[in-house]
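Down below are the structures I want you to see.
The same chain A turns up in both complexes below, where it pairs with chain B and then with chain C.
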Partner chain A sequence: MLARLAKRLAWAVFTVWAVVTLTFVIYNVLPEDPAQVIAGPQARPADVDRIRMQLGLDRPLLSRYGSYMTRLVRFGPPSGEKDDSSFQLVGPVRIDLGVSYLKGRPVHELLGKALPPTLLLGALAIFVQVGVGAIGGLIAANRRHTVFDWGTVALTLVGISAPTFLTGLALQHFLARQTRWFPIDGYGDTFSEHLHSGILPAMTIGLFGAAYYTRLVRDEMIVLLKQDYIRTARAKGQNELQVLFRHALRNALMPLVTVIGLNMGILVGGAIVTEQIFRWPGIGRLSVHAIQEHDGPVIMGVVILFSTVVVLSNLLVDLSYAALDPRARQ
Partner chain B sequence: MRSIRKKIDGSWGALAVAASILSMGCSSEVKAPIGENRDVEPQRGGVLRTASFTNLRSLDAAVAFDTLAAAIESLIYDRLVAYGPRSTKIVPQLAETLDISDDGLRYTFTLRRGVLFHDGNELRAADVKRSIERAFHPKTPCPVASYYSDIVGHQEYRDGQAPELRGVRVEGDYVVVVELSKPSAPFIHLMTLPIVAPVCASAGKTYDREFSKKACGTGPFKLEKFEHGQIVRVVRHDGYWQKGRPYLDAVEWSLSMQSFAQRLKFEDGDLDFMRDFNATDSLLYRSSAKWKGYGEWESPMTTAGVFMNTEMPPFDNRHVRRAVSHALDRQQVVMVRKGHAVPHYKMVPEAITPSVDDYPSQKTDVSLALEEMRLAGHAFDPKTGKGGIDTEIRYMALLDSFGQQAAEVFQQHLARIGVRIKIDLVSWPTFLAKVTRRKTVAMGTAGWHADYPEPSTFFEPILTSRAIADEASQNYAFFSNSEFDDAIERAIRTTDSSERTRLYRRAEEIVAEEAPWAVTHAYRYFELWHPYVHGYRPHPVLSQHLPDAWIDREGARLARSARRGNCWQVAPGAGRCRQAPHRPRTTLALVVGDR
Partner chain C sequence: MFDPRAFRRFKSNRGAVFGVVLVALLAVFAILAPALSGHNPNASDFQNGVGAAGRPIGPSGAHWLGVDNLFRDLLSRLAHGARVSLLIAFIATAISITVGAFVGLASGYAEGSRLQAIDTALMRFVDIGLSFPYLLLVMAIGAAVGEVTITTILLVLGLTSWFGTARVIRSKTIQVRSLDFIVASRALGQSTVPILLRHILPNVAGPLIVIASASVAQMIIAESVLSYLQVGLPPPTATWGRMLYEGQRMVAVAPRLVVAPGLLIFVAVIGFNLVGEGLRDALDPQED
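After this line comes the complex of A and B, so read on.
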């Protein structure tokens, strides 16, 4: 088991390195010039040249890659210099993601500020997705060939088809502006305000996933409810709720867990649009601004963070299989 | 059967709720403004809330140079000289007097006494020198440092070869002298930019990235909060040198807010002032009688059109460039965003150089365009469609921009004279990188925003030979004309204003004749505010210039009340609320209740 874990971790590190290297190369071979974006359209060539030199963008690609990678992970105490942008990861290991070209802040500081809102939004969105998906799918399967079942199937079709920007604007208009139940956008100052502000963006992301999960759980449950062990459970005299939740749903959640793990990337993709619409100060919004302004260090920081998250979440899914399904432990 | 009916009832009930909700959003009417413009004296207090579609990178005076930053910086940093209220005339601000020597080389600024920084220290001449040196320090990524290259010793200091900027001298506690190596007509305008504004000692002598978060100057407001992509809040500087000013307690900008959300918040009184309208909303508000008197156009200090790379075929032939210039229908392209775009025929905007006395300009005339095509050796017959330029020309425009829509119109105009273009749509960073690279882009969207209201800002940085570079060229057309260069150089250097006017006119003539750009339009913004906002009108030079704004607090209180749904509109005579019409919340409750 430990050997398997070590092997998976080694693959995880390799995957992150490969993604980081690929991103670095793509970002740097694009015809865009960060110095020019920083300087703006009104700047003169001499000023752009100076900024390019200050950022070290006049050096060859390989040299820049070497500096980036050697600076990225290092061992030892902080340099103590005023412009040290590294942070301590664990023990003597320090990570230095550099400084944002445009915001002038260390990238880890920007990510650190953007991560809690993204995690909160992700958690709320998963709650909406799984909650609505599991319950909707369960009821639709249990009430098969009824209006509820047909309605659920129709609604999931709409949910899957509707793009997040449209859902977001519609929710903003109807549930924030018209009914005033929620803020139109923003993040608020206190935790309760964060939660309150997070409901609409979570619904925006969550509705798409919920529609998908509803279908998934419904189809899985339809198959499971025909299984012998379900008939046995009913024959033993267990009530319908026990049959559904203890026996059927637990097994139906297996594919759901897999899909949640694999969908982490999609969740982040959804959050990029949603965070922009709702002015949610998360990683998605940070990424949009970084891409629009060609802010390399931030783009690299986001890629490193999310490739790590996606790789680790997939690892966790594999491990959770073992916990949920005894056959997988062998 | 009973259970099925129950299910059907439940489903239809839910559908009814959905239909009811959807019906709420179908109105294209704009809501009336909140409150009314009462005849009251200027009063202190209140918070003005506005928003911007864009993000704000920095508030460090030495490095921030975009439109939004300039608007906020004008509240935080006073300059030695500034533009007068609603005027392009330069007046002393922190300087009490300004003396310019007859040869135009020596500017002597005598500072006001008792001007306090936000940290409580008094402004002295040494602070001015420190601030200017900080902006031009070799380590400061100042985007426009080279604008100030006429200051004596600027280049040595910028290159790190001199410990101080020789051309800025302190003569006593309150006198600063700036010496130039050559006379410069735009120099006094450059002194109005925040780049050279005095900053607190906490800013240090060199660039420090932390300063943006604690920006500190001598302006009427001091920075309280700056969160990237979220909010900027400035509060009144109680020690401001102009007694009784500013009126407002605070000004708040919500950053990176979509125009859709801005409109919703503006209508509900959550924003007091708005500028980032989408095309439809702008039209709705402008045509609404309810909003008459509460909105105004900003003066367009821009020029836009099409650049043609004079080093690349077919635009290395001036007749082709002239043909393009004559073929573009200015009146038609502005219809793409009616009101916001105005037809424009010359480089310098009307607000700076009015077109009087048959002022040289480009003109739309398809027959002239066809004649130029013939002279270029690409004769085109519109009836048969034969002739013209064989190859398709790549035209670069920004994705999802007015430039994209304009390009699609230009495509039709140019087809009439046998010029076929293919539009390449790219992101802003790609656009900047490509159009500024030598022999890379043949033609594309051109635009320029005035840094100051002086004609040279439209000629010198974008059409002179010295603006050409292999990379990061500001001269997108790579236009090189010695007579033009000479005219601009002499206009900048002369101290004779009538000679300068003549030279700028000649420069405009050359642009019309040589057509490195086909100037087609100027873009302007429409600004709108609630009736309780007073003292604001768009400034002819400065965007969103709010230092003199004030709020009728009673009106604002009613607006807040309206936002909560208790009050819809202030009745004439004020102080009373009209009862709010039925809110959708009620509608929803009824539908749910009916179930």
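After this line comes the complex of A and C, so read on.
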């Protein structure tokens, strides 16, 4: 078990490294010249050259890659130099994501500031997804072949087909601009304001997952409700709600655990667009700005953070298989 | 795969038929684009398009759906947007499905044989691909190549979306490969490539078609997201995503500028999803 864990962990680290390397190569072989972008279209060639030298962009690709990677992970205490942009990850391991071209601040600082809003949004979205999914699936499965069931299936199709930005714009228009129930955009200053502002973006991101999970729970419940132990529970006079929630739904939610983990990528992808619509100051908005402004170090930082999250949640899914399903332990 | 029973099942599925109708209507709309309105999608009409207070006019005899913020014919732009959207979605799907199918076939066939290393390497690569921040990557490439053309978008969308397909086709190949008729043709001395293409490929075509149909829907979304975030095709090309972005600022004055492209994106996606679900139910019936 421990050997397997170590192997999986090593593979996870390798995957992140591969993603980082690929991104570095793709981003650096493309024709866009960051020095020109930073200097602006009117800049004199001499100024562009000076900026290129300062950023080290005049060196060959392999040398730049080498210095990026050796800087990225380091062991030991902070260097104490003025331009040290590293932070302590665990113990002696320090991570240095470099400095933003445009803001002149360490990338990890920008990421650290953008992370809490995105985490809050993600948590709210998962709450929406699982809540709607469990209840919708339960109703549809329990009222099979009725209007409830068909209605739910039709609604889930709409949920799966509506692109994030359409849902977002529609919710923003009807529930914020017209009715003023929610703020149109922004993040607010206090936690309750964060929550209030977060409801619409969370619904936007969560809609796809809610629809998807409703179907998943429905299909799972239809099979489960035919099982002998459910009939036994009903036969012994168990309260119907208890049968549905304690016996059936609990088992129907098991596959959801894996799917939630595997859908982390979709969640983050949805956040990129949604945060843009609702001006939510999270990682998604940070990355869109970085891309529009060609801020290479920030883009790399976001990619590293993103792929680490995805790889780690896949790892957790693998491990939770073992924890939840004794058959997978062998 | 050309099972008449599957075709009957598909035909009797009302949702699937509705999906086909939606997709067909969109295709006709896209094909008839130039004839439909008689207007150049990129030409501003300052004679008939300017309404009261210099605002773009609404539906009228000259412009059936009115004009947009730059006084260009809305209907014409929607139709040309349909062309761009469908063209990109179909070709990008073709690229993605082809690559995914070949990787999946090769990987599945190599699995457990003396070429196991190929399978391991390919699947590791797929793992890496699935850990990529897909949308972010697409946007970063789009932004960094400077001049974005249809080819760039096709390559970016096509080459970053085949990983899931490869996984599905791999596991299907592993199932099919041990069927008797495959074993028999191997015993008769048939070599690997013909076996893969002539015997295994037709047997994994079912899931492939289903994935392709869902993928077209995903590609339509991806293209419109890129355009909406202004890292897709540059103006003045009419794309639904960009029209939505441009219309947003005038939503109070002319909601149709947002509603029309939004509705078309939604209809296109739901159409292809319905077809995909119909195909899945028809090709892989699961009794319960």
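Here is the rule we go by: the second predicted complex is superposed on the first by the 329 of 330 C-alpha atoms of A that agree within 3 Å, B and C clash if a C-alpha of one lies under 4 Å from a C-alpha of the other, contacts with A are read in each partner's own complex, and residues count from 1 in each chain.
Please note the rule applied: contacts are C-beta pairs under 8 Å (C-beta built on N, C-alpha and C of every residue); 3 or more make two chains touch, one makes a residue touch a chain.
Here the structure is a predicted model, which means the values were calculated and not measured.
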### Message
Should chain B and chain C be called a clash or a fit once both complexes are overlaid on chain A?
### Response
clash
### Task
Look at A:L319 in the shared chain and tell me whether it touches chain B only, chain C only, both, or neither; answer first, second, both or neither.
neither
### Query
Hey, is it chain B or chain C that touches more of chain A?
B
### Query
Thinking of the overlay built on chain A, is A:P163 touched by chain B (first), by chain C (second), by both, or by neither?
second
### Task
Look at A:H294 in the shared chain and tell me whether it touches chain B only, chain C only, both, or neither; answer first, second, both or neither.
both
### Query
When the two structures are overlaid on chain A, which partner does A:Y27 contact: first (chain B), second (chain C), both, or neither?
second
### Message
For A:H173 in the superposed arrangement: first (chain B), second (chain C), both or neither?
### Response
both
### Query
Which partner does A:I38 reach: the first (chain B), the second (chain C), both, or neither?
first
### Message
With both complexes overlaid on chain A, does A:V303 touch chain B (first), chain C (second), both or neither?
### Response
second
### Query
Once both complexes are aligned on A, which of 164-172, 236-244, 290-298 or 398-406 in chain B overlaps with chain C?
398-406
### Message
Using the superposition on chain A as set up above, list the residues of chain A that contact both chain B and chain C.
### Response
30-32, 169-170, 173, 276, 292, 294
### Query
Which residues of chain B touch chain A in their complex?
4, 7-8, 10-11, 14, 21-22, 24-25, 55, 57-58, 60, 63, 65-66, 139, 141-147, 158, 208-209, 212, 227-230, 254, 256-258, 260-261, 264-265, 268, 270, 427-430, 432-434, 436-437, 448-449, 451, 461, 467, 469, 471-474, 565, 583-585, 588
### Summary
As the complex stands, chain A meets chain B at residues 30-51, 54, 82-83, 99, 102-105, 110, 143, 146-148, 151, 169-170, 172-174, 176-180, 184-187, 276-277, 279, 281, 285-286, 289, 292-294
#### Entry: Complex interface listing, chain C residues touching chain A
15, 124, 127-128, 130-137, 139-141, 143-146, 217, 221, 224-225, 228-231, 241, 244, 248, 251, 258, 262, 265-266, 269-270, 273-274, 277, 288
### Query
Where on chain A does chain C make contact in their complex?
11, 15-16, 18-19, 22-23, 26-27, 30-32, 157-158, 160-166, 169-170, 173, 222-223, 265, 268-269, 272-273, 276, 287-288, 291-292, 294, 299, 302-303, 306-307, 310-311, 314
